[in-house]
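Below, chain A partners chain B and then partners chain C, in two separate complexes.
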Partner chain A sequence: MFTSLAPPEYLAAIDHEKCIRCKRCIQNCGWGVYSWGGERILIDTSKCVKCLRCYHYCPTEAIQILDNPVRFKSNAYWSYHNIRNIKKQAETGGIPLSGMGSDLPYPILFDHLLLDACQVTNPSIDPLREPMELKTCLGKKPSSVAVERGKDGRLKLKTEMPPQIKLSMPFTFAPMSFGSISLNAQKVLAMAAKECGIIMNTGEGGLHEDLLPYKDNIMVQVASGRFGVTPDYLNAGVAVEIKIGQGAKPGIGGHLPGEKIPLQVARTRMIPVGTDALSPAPQHDIYSIEDLRQLIYAIKEATGYKKPVSVKIAAVHNVAAIASGIVRAGADIVYIDGFRGGTGAAPIIIRDHLGIPIEHAIAAVDDRLRQEGIRNEASIIAAGGIRSSADAAKAIALGADSIAIGTSALITMGCTVCGKCYTGNCSWGITTQRPELTARLDPEVFAERLINLMRAWNHELKEILGALGVNAVESLRGSRERLRGVGLDTQTLDILGVKPAGM
Partner chain B sequence: MKCDLREKDISGCGLTGIINKKGKRFGGSEIKKSLCLMKDRGNGLGAGFAAYGIYPEFEDCYAFHVMYDYPSSRMEAEEYFRANYDMERIEEIPTAPVKSIVIKPLLLRYFVKPMKDKLTPGESEDDFVVRTVMRVNSGIEGAYIFSSGKNMGAFKGVGEPYDIAEFYRIEEYEGYIWTGHTRFPTNTPGWWGGAHPFTLLDWSIVHNGEISSYGINKRYLEMYGYKLTLLTDTEVVAYMLDLLVRRHGLDIRTACSVLAAPFWKDIDRMDGGPGGERDAYTALRLTYGSALLNGPFSILFGHRNGLVGLNDRIKLRPLVAATKGDFVYMGSEESAIREVCKDPGRVWAPRAGEPVIVEIER
Partner chain C sequence: MQVAEKMKVHEIDAKGVYYRDLNEKVRQAISRGEKEILLKNVNGQYYIGDGLRGGDVRITIEGVPGNDLAAFMDGPTLIVKGNAQDNIANTMNGGKVVIHGHAGDVLGYGMRGGKLHILGDVGYRIGIHMKGYKKQVPVVICGGTAGDFFGEYMAGGVLILLGLDEKSGKPVVGDYLGTGMHGGVIFVRGDVDRERCGAEVGITEPEDGDIALLKEYLTDFCGDFNLDIEGIMKKGFKKLTPASLRPYGNLYAY
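Then we have the complex of A and B:
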């Protein structure tokens, strides 16, 4: 048998003294690392992805997963992964894939931005004692409002307000389709969204009927594959999103292999069982901005102008002009996905080398929409590697209306960002359709964890606002005066519209 | 995309205001006396006054008060004025020598009317004047129009309230609304333009506090063509009122509920039926979120028809109001009111975010 010349990345090791032969590791590993040898557990370490499922479920802590100390000779230019990918490509002729966002050490601007706080001249506000408002509404806003004051002194609205998505905090869950993730994982998102007063996003895989009870907290997506799109689908949620691109793989489409299309996924997507679900790179009815306008208005017609329409794009070099075009084409929301954004599957070469960071993109888009006097015409959802409430606060200060969370939400379900989502073997039951694996993800149990995370971030955001001396999130939104850059060059500061620390 | 590296001015302050509801004019001695009492609220680095009704002989003209740092700034500004305005009168603002005021800019006032043919189609005279103020203040080095209303004027500079009042001979003017301000800047550039009041057309603002939402308020105003040049967040208030009231047509009470917006919890308790107030206040908050003034403030803003006092929505700075006969008084401290009104009829502390609106009964 041919053995790969790319050594395994990880070493799974069992302390056979501690091992009680309970075989739980065999049962838990979705990758087939472990098998029973009659007397002891056998290990095929080349299959290990370091998802740590076995480690957590070993009752005697007998398992260790180590980075394989056997590496190619270290070389500052020819990295381990460069050499490894070449060897794999030489062996297979294929395109190496990965799940999740890029893990390369590009500069992380969030880590070079610091928030302000109040001292003496303006008081900070204690969020435990004073109201602190995070309520956020997404959708087109008029540039001015006409009201009339009646004889009784009461105000009456004269302007017709465009439809809004109401969020109790400035967060949404990022689109992740049924197919790329399990139905149970989608249920976790839906239950948490409902409890937290925010929304989840179906992604492009259609809407499973089990999610209908959560429809008031769901945005449905229309992507290039048009899976599961019907008039009922468009009208099911609170908003519709047209997906043009994804931060992890701008400019390319999607491919959900037939192995991940069992009956339930097939029904929801409205395709035959076991066929590959192909999402073309462009939407084949959108080859220009005017085509996009037609689709936006086709959807608005189909939904009676009652649902905001979002357009999701990857953050690419010319994102500001593209976003401006999208707003002028009639979108109510622009969803920008930075290059660190997650994915179920992307060619590594695309994921790691195309697009721009979300921080730059937010600043550029917010600036451009303001320069053109159309910032009120659409809300901005920013996504792509938001790791904490601090990242979220900084993104809001740069100009985002709300933040979409994908990877962070999956981490609450057990994900360790191992990046092997595309294999369909996720041992945590998240990015798999294998029934014995998905059954592990109890939606109620894990919804509670995701709710905990959202509550924690909610509290943290309130603390940040309080320290900034403001009591409403709209006073942070776009308020770049409250950010300072550390270790950023002048040009980057200019693009971000942020002063250096000390000024 | 360029970041504006000018620093935002931070200051604490004392303020006071008096209005005669019948529009009867009275001298500047009272406002001076009231302001001078609040010694602890200023540190001598800025004081000023605004008065309405002081130029009845030129009531149809815009009265530009301009400070110049250099003779060349004056030449450039006057060239612009002459090209665009009919000039009824040009004169130096009358001042008296005051020992403590040594360094001062050149202070001129102009009574002007815009030339009709200079207005762009659909542009009002007010719009044109706003454009002039933006152009001069951001485009001509060392020239600052610090007052641009009709039949009103602002007088301000670096110094103690008493000295500034003496310098501008405040007691010689008669107006029906007066406001005064003493300043406690913590990072002042020691610049005359940085004192209060801030004005635009006949809006005048005196402000105690720091607007913690300055960054977004400024960017919001810039979207509507306002250029913020006076290095202070108080300027934001003046321009915001101009936008909301004059350009978007909101009444003053509604504008106040944009600047100090009711909390969502209060909006949610409003009448939610069709045509109910909840819809109106929700629409205002959604549309004008970037106009919310967040952070501690008490402000008095004057305009030709009245005087308004407003606190931030959790009342982080003091504001007291009182009435006596045809007069209404507002100030940072009750003592500043009692200093000039020994026996007020009613004295109260307005609630957070609730404006005190006084209109001239004509």
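Then we have the complex of A and C:
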């Protein structure tokens, strides 16, 4: 029955008794699962990705999306996906792609770390009634500060502070380009960033003019394709980021296929409509830390030394030494993306098998920078699969200054982490450029949801800090004494700099 | 009166001046309205012209400027009276850079507009990921020879390699010519060895329209260096274009 010998992953089923033939499912599905057969809805279940758009928009709950019970014989070694990928590759000769971060069951260290709380001997703080400081400044900090008395007799800072990004909470939105996500999705991020007093990041796709009203809440990115990069672009936001790598696909470049480059995307990236947008794997002007320094300062020259420069890397084996080099090269911020980090498209083989978890990377980088006495020279943004404010708090306790969230933000827009972003058919209007799909994502409506999420996480973070008996996120930063490990071996605990629970 | 205005040259002595201070002096001069600037005794200072705007600004450089000359530049004309180093015209958006000598590696990286004219030889990885956009067509012309990876990942614009010093006997271009090319056009004077090219490149004879275009670009180039265009055009050119605009279209399984 199927043209492919890889059975479909999901079964879309309609209860035709309940179905009122309103055809909303046909209209809503971006994948073409449903069609009208004259009397009833027809289903091509091989196209279903279980994004649940149809389910939510069916007025009579007539639709069910099931995991296909017809799978290959279960085998503890040969997983369903191993067999399926081989069959797909045998049929196409191609590299299987996926969106989102790796879903393989590697150990999740966040789930083996627990935070401390105050009992009896040290008072906890109630954040509802007492001030709690979550404000975070990203950028180089001087190693010492001098103060002087002003004319009014009051003390003021004499040391000139390097440029800082001021965040009202320790979060930023992860870079996602216009092209990988829709302009409406970018607008959601920009609106929420402005409302929450944080920043979003353009990714490597240029800055659309519709985002200019939010420029005080935007970090612009420069990567190997240099799409849309002009002097105006570099100066448009509050900071500039050089992207070296991405957690989901360390060491490989980007490839936005021509099909996903309609007029607006082409205009923003400043390339012709319909050509492939290739971001080469390396930036060919950066082969060394010295070369990186050259680009960092080329950007600082072009922005009059007024914008902090961030360097984004994937968490890889030698991340600590690399981060040290980045800081010494003059970066104001080091952005580390763990291997669980999301993507619009990555070869599955790369996504699932390259890089290291963000938890190890934060601890290793924070340790190394402290040992070398340069921790103040740059802020650390940690990212790569932050699922909750608890993950964020643990990452901050391990040594991060701020957390970048991508997937969690997309989930507020309707994303169900189906992982099919690379197809450009997203029925929720997020990772698509098809106008009939992107029109569904009303920026104002969904910005409200994202603002709600940030507000909730902010409250939760305050509750966590209150329970820890501290009144500022600064007091949790790098405070690994407030973490304990459960079910972790001695070596992992050593790397994390965390004691086992009970000690 | 206007002519007299144009003649006014603002001189800056770069001897022993730290690059940051030198570039700040240049920026200040431009913001004061200086149009014609002469930098004397330049000796390796980085980032000259970085991020500068203004199509009517002309900066003449005496000495050897350092890396990242004209990075992110959008408008001005830079004239280097000698050799120059690496990373010239990095992500340049508009303007013109003229080098009266040799230049180094990674020139015109991600360049989107403007012109880069080099009289002499150039190094490796020239014109990587050059791209065109609407009326913006970046043009890089090298009078001498080039190293490997000429026009790698090229996505748009025009790269012209002349190999004018035929007596040198050096190969005009290195290996991996146009590897990953998916847009734009490369013209090489003389013959091109297929084995030196990337798999993504198609080699053809230039058509009449191409010759007219070449003449237009080379007239400007010859004007900068006082060269004889007729002599240059006597020898034939090869035209290199991407064999496919989607070289990696069938790479993935969906």
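Methods note: the second predicted complex is superposed on the first by the 496 of 503 C-alpha atoms of A that agree within 3 Å, B and C clash if a C-alpha of one lies under 4 Å from a C-alpha of the other, contacts with A are read in each partner's own complex, and residues count from 1 in each chain.
In this text, contacts are C-beta pairs under 8 Å (C-beta built on N, C-alpha and C of every residue); 3 or more make two chains touch, one makes a residue touch a chain.
Here the structure is a predicted model, which means the values were calculated and not measured.
Enquirer: Have a look at where A:G251 lands relative to chain B and chain C in the superposition and call it first, second, both or neither.
Expert: After superposition on chain A, A:G251 lies in contact with neither partner.
Enquirer: Of the two partners chain B and chain C, indicate the one touching more residues belonging to chain A.
Expert: Tallying touched residues of chain A, the top partner is B.
Enquirer: Can A:G197 be said to touch chain B (first), chain C (second), both, or neither?
Expert: The answer is neither, since A:G197 touches no partner chain.
Enquirer: Taking the superposition as given, does A:I125 touch the first partner, chain B, the second, chain C, both, or neither?
Expert: A:I125 sits against chain B, while chain C stays out of touch.
Enquirer: Looking at A:G225, would you say it contacts chain B, chain C, both, or neither? Reply first, second, both or neither.
Expert: second
Enquirer: Under the stated touch criterion, which partner chain does A:T159 make contact with: chain B (first), chain C (second), both, or neither?
Expert: First partner only, chain B.
Enquirer: Taking the two structures together, which residues of chain A meet both chain B and chain C?
Expert: On chain A, no residue contacts both chain B in one structure and chain C in the other.
Enquirer: Note which residues of chain A are touching chain B in the complex, please.
Expert: The contact residues of chain A facing chain B are 118, 120-123, 125, 130-131, 133, 135, 137, 141-147, 149, 154-157, 159, 161, 164, 364, 367, 370, 373, 375-376, 468-472, 474-482, 493-499, 503.
Enquirer: Over in the complex, which chain A residues touch chain C? Could you list them?
Expert: 88-89, 91-97, 222, 224-226, 229-231, 234, 255, 257-258, 270-272, 274-276, 278, 280, 284-285, 294-295, 297-299, 301-304, 347, 422-423
Enquirer: Can you list the residues on chain B that touch chain A in the complex?
Expert: Touching chain A from chain B are residues 1-3, 5, 7-8, 10-12, 186, 209-210, 212-216, 218-220, 222-224, 247-251, 253-254, 261, 263-265, 271, 275, 277, 279-290, 292, 294-296, 313-314, 316.
Enquirer: For chain C, which residues count as touching chain A in their complex?
Expert: Of all residues in chain C, those touching chain A are 20, 23, 27, 46-47, 50-53, 67-68, 71-74, 87, 90-91, 93, 106, 109-110, 112, 125, 128-129, 131-133, 136, 152-153, 155-156, 180, 182-183, 245-254.
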